[in-house]
Amino acid sequence: MSIINSQFDPPITAVRRIVAMAIAEDLEPNADVTSNLLDIECQTRVNLNARQSGILAGSLCFNETFYQIDPTVEVNFLFKDGDRFNDGQTIATIAGNFSKVLTAERTALNFLSHLSGVATLTDLYCQRAKRGNDKVRVLDTRKTTPGLRALEKAAVRAGGGVNHRGNLSEAVLIKDNHLGGIAVGEAVSIARLRWPGKMIEVECDNLEQVQSAVDSNATVVMLDNMNFEDILSSVDLVKKYNETSSAKILVEVSGGVSLDTIEKLASSKCDLISVGAITHSAQIVDFGLDLIG
Amino acid sequence: MSIINSQFDPPITAVRRIVAMAIAEDLEPNADVTSNLLDIECQTRVNLNARQSGILAGSLCFNETFYQIDPTVEVNFLFKDGDRFNDGQTIATIAGNFSKVLTAERTALNFLSHLSGVATLTDLYCQRAKRGNDKVRVLDTRKTTPGLRALEKAAVRAGGGVNHRGNLSEAVLIKDNHLGGIAVGEAVSIARLRWPGKMIEVECDNLEQVQSAVDSNATVVMLDNMNFEDILSSVDLVKKYNETSSAKILVEVSGGVSLDTIEKLASSKCDLISVGAITHSAQIVDFGLDLIG
Amino acid sequence: MSIINSQFDPPITAVRRIVAMAIAEDLEPNADVTSNLLDIECQTRVNLNARQSGILAGSLCFNETFYQIDPTVEVNFLFKDGDRFNDGQTIATIAGNFSKVLTAERTALNFLSHLSGVATLTDLYCQRAKRGNDKVRVLDTRKTTPGLRALEKAAVRAGGGVNHRGNLSEAVLIKDNHLGGIAVGEAVSIARLRWPGKMIEVECDNLEQVQSAVDSNATVVMLDNMNFEDILSSVDLVKKYNETSSAKILVEVSGGVSLDTIEKLASSKCDLISVGAITHSAQIVDFGLDLIG
Amino acid sequence: MSIINSQFDPPITAVRRIVAMAIAEDLEPNADVTSNLLDIECQTRVNLNARQSGILAGSLCFNETFYQIDPTVEVNFLFKDGDRFNDGQTIATIAGNFSKVLTAERTALNFLSHLSGVATLTDLYCQRAKRGNDKVRVLDTRKTTPGLRALEKAAVRAGGGVNHRGNLSEAVLIKDNHLGGIAVGEAVSIARLRWPGKMIEVECDNLEQVQSAVDSNATVVMLDNMNFEDILSSVDLVKKYNETSSAKILVEVSGGVSLDTIEKLASSKCDLISVGAITHSAQIVDFGLDLIG
Amino acid sequence: MSIINSQFDPPITAVRRIVAMAIAEDLEPNADVTSNLLDIECQTRVNLNARQSGILAGSLCFNETFYQIDPTVEVNFLFKDGDRFNDGQTIATIAGNFSKVLTAERTALNFLSHLSGVATLTDLYCQRAKRGNDKVRVLDTRKTTPGLRALEKAAVRAGGGVNHRGNLSEAVLIKDNHLGGIAVGEAVSIARLRWPGKMIEVECDNLEQVQSAVDSNATVVMLDNMNFEDILSSVDLVKKYNETSSAKILVEVSGGVSLDTIEKLASSKCDLISVGAITHSAQIVDFGLDLIG
Amino acid sequence: MSIINSQFDPPITAVRRIVAMAIAEDLEPNADVTSNLLDIECQTRVNLNARQSGILAGSLCFNETFYQIDPTVEVNFLFKDGDRFNDGQTIATIAGNFSKVLTAERTALNFLSHLSGVATLTDLYCQRAKRGNDKVRVLDTRKTTPGLRALEKAAVRAGGGVNHRGNLSEAVLIKDNHLGGIAVGEAVSIARLRWPGKMIEVECDNLEQVQSAVDSNATVVMLDNMNFEDILSSVDLVKKYNETSSAKILVEVSGGVSLDTIEKLASSKCDLISVGAITHSAQIVDFGLDLIG
């Protein structure tokens, strides 16, 4: 089995655990009642082909699915996570027991299709955003599919996006409703004291809050559901501050971003645009297994 | 905590297990570094409000998330799974420790948004299909999100769809590539012998195969990626057979069905139309928590 | 390690998970305090021999136990699941580290003995039943050992039996106490609407109920604890219906079936006889490991 | 929910874990497709009745099954583990949601029937043994059902038996094939040095080995598959030693013990008789749920 | 059961999972063979008393242990995590079934003793460090006990320390051996591009590396095993940079820090001192349960 | 990968399970964000070197960590568990993908350092004890790190210590507060009846209790927190009894034993001294990975 190491690989522990769950939910209690009806010793060679273009993600999960069902099946990937492929291209070759290949097919494809879907949609958002500003980066959110966060965040990276905090413990994100009457600056100070070096982000609804966040020297200022003029003013405010500052405060635009709006939002010269849709509403990329010869 | 029993409830074992995984991936290692910055004894009352219309699914998971994070938080649902709601309606009320409510918010919403998304898209497909034939039913597939099948299949039911086989062991689905030269009728006979009473479905690419499947008295004949004329002829063939038969063979149309094509496909008078998109490519339904007063 | 693929193999996920549990319960906390007392590098060759005749089941679990304890131990099976063996025959050969072989021995035998016991008892019921009617088939039930259902259902298949529903979600089984005043026909219609293609079975205590079940075109009619005359009348009723019907309704006899009664019950020409005892009360088949030479 | 504490309770961790597995295997993926067909709010009261006499075991598992499926169902036990009951007696009362009671019924009964079966068979072996010698005790073995050892060993205690070592790490059991040419006495000395205070048992095939085991002051001498005369001589040998010794070496008779042979074996005045059958080949005790009124 | 919410609480998911493991390893297979020897219905009241002074951590785990063994046992804490207590003070009161209290005692104490040990040693390092510089903070490391990181990091916070990265994915820590000939500045740039807002730390062995790290505007500069003069020069270098910078680069001193050296190291005016010993080599704090009256 | 079998190996099931947990807690959600910044195909060769002398334990866990992260990394151990090594010696060699070696490094070292710390402290206690009495053995206790008991007990054996009961079900340990007015002798009799052959230990606070324990022929008499004169008298009492007894009752000294007191305690000629500190308060042994050449 040959899988190509990629900088976008998710943690192997998550891959093994989630693949085992997915196989169990498809096989138990009585295994595959169709594929073992006939000759169970028959061998096969099939190709994994793309049925549409996209960005690859999920190859580790695809491999692991075949490996857990039958370690003697050979899977060889011709592309690696993060690679762009076209409709019709062969992504991998598979050789081994035919019955076992049929058993593994759907679960392996479910991983590859979903995760490549995330990567491909991320890539699309990135392309649109870069039309507005070629430095801007697309961020994911915590709006991920329950249980699959580690896999989906890796797919976002494969698609050219960057990851916002991985979970509630990785970064501080202060919203109005955390404050209870306390000033933003004070909240940031408390956070900085408790969590030195950690990213501290402040969610802002208006320019005054942006000014407070900048004054508190937050790592990231998030402009939440602002209108475009306020976004422009906010970006301007932060960029002016950054001109004379060694710390470059990042500006993130957030809230209901779509493929239609991202180019304009990017043109504000903000640094980051977070898009929930790339993980919570990505459509799959279609792949299929085809017999060779 | 009051949750309304629903005929669409997923198995409680899956709910508990997957919610525990989802909370762990959002909380570990260092818990919520933001919500406990300030007053950790503060109480709150919030409403779960719909930000768009749809069909509810996932209320058990939403509840369980709050329960696992803090069993003293009170969640009361005003709707139950399968109910239709409108933009702006209050779906549930929540009361309890503010810090814990903030911690649970995103994970609970991820379940509700995704599963209501599946239910709502299923409902949309059902509505479109019924324009073509008000008896037709929309089927899901095994193209589900890895690890979430039990939850997504329940959401399909909440959305008015019906479930195809739950896994590889629940039903026999004979495709060409299972046969290896053996006739369909023989394969069906072998399957019937091994698995008495089990649903046996035959995937057909052309009318000859449909005839064979009917002759073998399969439970379901699947018309896979057929053109519309062949679908009409196939449905006709099966219906004619059914007229004089006590066994009513079901006809399923399958393959790349979209919201644009389902009405016409349904007008063929087929019984079932299977749609992978309702589980693999549903967009979320947007909900939010709003402070009361 | 060489294991022969069998059409009766249980799902590999269940095998791995349950074997890991069984080894853990036998080894923790302090490993095998006896087998490592002496020379821990000693190698051995042993045979797995049958101490009585029977039908093999559980070879995957036997293998997996050795594999998880020491992947360098070689296990080669000479029989496969479903094969008949005689007292004294060598079923498999094992070669490897002596200390590890001793550690694995009991757990591996516990699997093989219990599952071959299920297969062998199933075979015995099948033989007795066929004396009464050589077309009849022996069904298992949901009366399985908690946690081992997937393994025991596979063993039933190895023994020549067939599987009733695997769990509560695989088939509808309507009993009187589900009805609450609603007619059987209505209940079957509701079930058929919700679960197209799924096996629907109706449990009947008397001929009127059998008539209702036949009228509702159920997939299977279960005769529950009926006396033999009623069974004969019921089978007659259904067979008459089937003569002019393409749908062949199956008749299952159920309730306290024993080795003494199954031949007579089978002579009723029913299609299926379900026997709880083959999974809940099977005695083990005795195997042992013997040093070679 | 009222469960009566018993000295025979298995560890609660095993109960929770195995019950969760058993429910999952019966409910996933699509929950109970029958019990929720009709009125899902209907309440019920049922009795758990014995269909035959026996010794109760497994009440904790029975309770836990209902509790995990629906914590609002009330289960009240009138007997506790270890109690003797008669055919027809009510063992517990159950009140709650009818649909959930039906869902839990089979899994809860599977635990109770199997574990009471183990307890009841153990009791039967004890009774037979006591006819031969009213001081003798019946021991279980490691021949338990994979994954259920903790539950089955508790059931053995409920049935009046005593537990042999719980696993490979709890006691040293030296057999010929552990020795590799080393004398029994030396092996016992090594074991005693490594594991001070631990039970050390020596398996003996003949009188010479018994003498060696006694000389090494083993905790238990196991007479493995000896003929009755050798058993008598061996017991005599050990008892003579014990007369002048403060350490009372125990004599265990082992190997193919059956209900037919145990009385005679017990009459040898041995201390312990180990019986694999009580865990590996116990038949279930039949219980049923009956509607009240 | 009353447990006081604390800002230092570890994630509840980790608490539940690890407590379940710890109870299982102490109870299985045969439960507590001593505590149920005698009257199993006896009730008791005991106090949890400190046998030495310290800082409390682990109260959630202590509670959860009793809760999982017997939810009817009442545990009431008089102190909360992070509180200082003295030798002899009563930390909590416990009331309930005596047998269950005895069963839970050791496991509950193992958690409390170990985690309070971590908190207390952290506190001691903090006190010593503050003698040298009252602004300095003590950091933990990834040198934690396998499987207990979430619990130990919470205990560090309870002891007044702060947490370094929770795992390999939370922050970038660039060491010489990651570079392979690439300049530090370039590596930091790559990291910043991939992981916007994330803490980027550079490990430095000499002043030149410190200068490079400062030039690359790293979040934290780690002085690894430097001599004191180089530490002083490095701190000076960074502080000078910070004077004219809005970004305040943090300086961490690391490498073999002990209670003897931390005061002097702190006097360098560094911001952070990381100490592996507080998690990998903390001694326990002694607690005991004493009968009341 | 070459690992040397050792008689001190912990159960492989515990090794696999705990290593998987430890890797997951260090890698999820986003894998190693540093080690894959640069060339992910680079190969390396490193040595595992001791930074201080000690006794090796944990080699199976060290290996398993590398294996689970990347099975192609080669780890070859030059020492085995239980071996003594000196500062600077090479313990193992490692070759493989550099990025993966860096990822595995800390988790693998955490196991080896902690477990070798336990073994090394055990060895130190053994040495000190043997100055007072070269026959005395050092026992561990149940005061182990939650979740790691199987690993720590193996490390104690590697360090020359012996294991007290592994858990609450392995041995009976009667303390005053178990008795509730019942005499020690009676309690021992009950225990012996229920658990034939099992080690029965009696905890004694004074000579009278010792006399009772001896009279009841307990397996072990534990002298709990006695002053030295009472210890001498107690040992004397038991030894006198043993002179004329074939059963050699063991005497264990327990309670607050330290490196300062163990020699004197051992000089009492007791058989066993139990030391909680060897598992609950061991400091790590320092190891490091060094690049070769």
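Remarks
Read from first to last, the chains carry the letters A, B, C, D, E and F; within each, the first residue is number 1.
Assume contacts are C-beta pairs under 8 Å (C-beta built on N, C-alpha and C of every residue); 3 or more make two chains touch, one makes a residue touch a chain.
All figures in this text were calculated on a predicted structure; none of them were measured in a lab.
Taking the mean Cα position of each chain as its centre, C sits at the greatest distance from chain E. Per-chain CA centroids place chain A at a distance of 44 Å from chain C. Separating the CA-averaged centres of chain A and chain E is a span of 31 Å. A separation of 23 Å divides the Cα centre of chain E from that of chain F. The set of chain E residues touching two or more other chains comprises 11, 25, 27-31, 37, 149-150, 163, 166-167, 169-171, 194-195, 198.
Chain contacts here are complete: no pair of chains fails to touch.
Residues 11, 137, 139, 157, 162-163, 166, 169-171, 194-199, 201, 217, 219-220, 241, 244-248, 250, 271-272 of chain B are the ones that touch chain C when the two sit in their complex. On the chain A side of its complex with chain D, the touching residues are 25, 28-29. Taken in their complex, chain F has these residues touching chain A: 20, 23-24, 27-31, 36-37, 40-41, 68-69, 97, 99. Taken together, the chain C residues at the contact with chain D in this complex read 18-19, 21-22, 25-35, 37-39, 42, 61, 102-103, 106-107, 109-111, 113-114, 117, 142-150, 167-174, 177-180, 182, 187, 190-191, 194-195, 198, 276-277, 280-284, 291. Those residues of chain B that touch chain D in the complex are listed here as 5-7, 9-14, 16-17, 149-150, 153-154, 163, 166-167.
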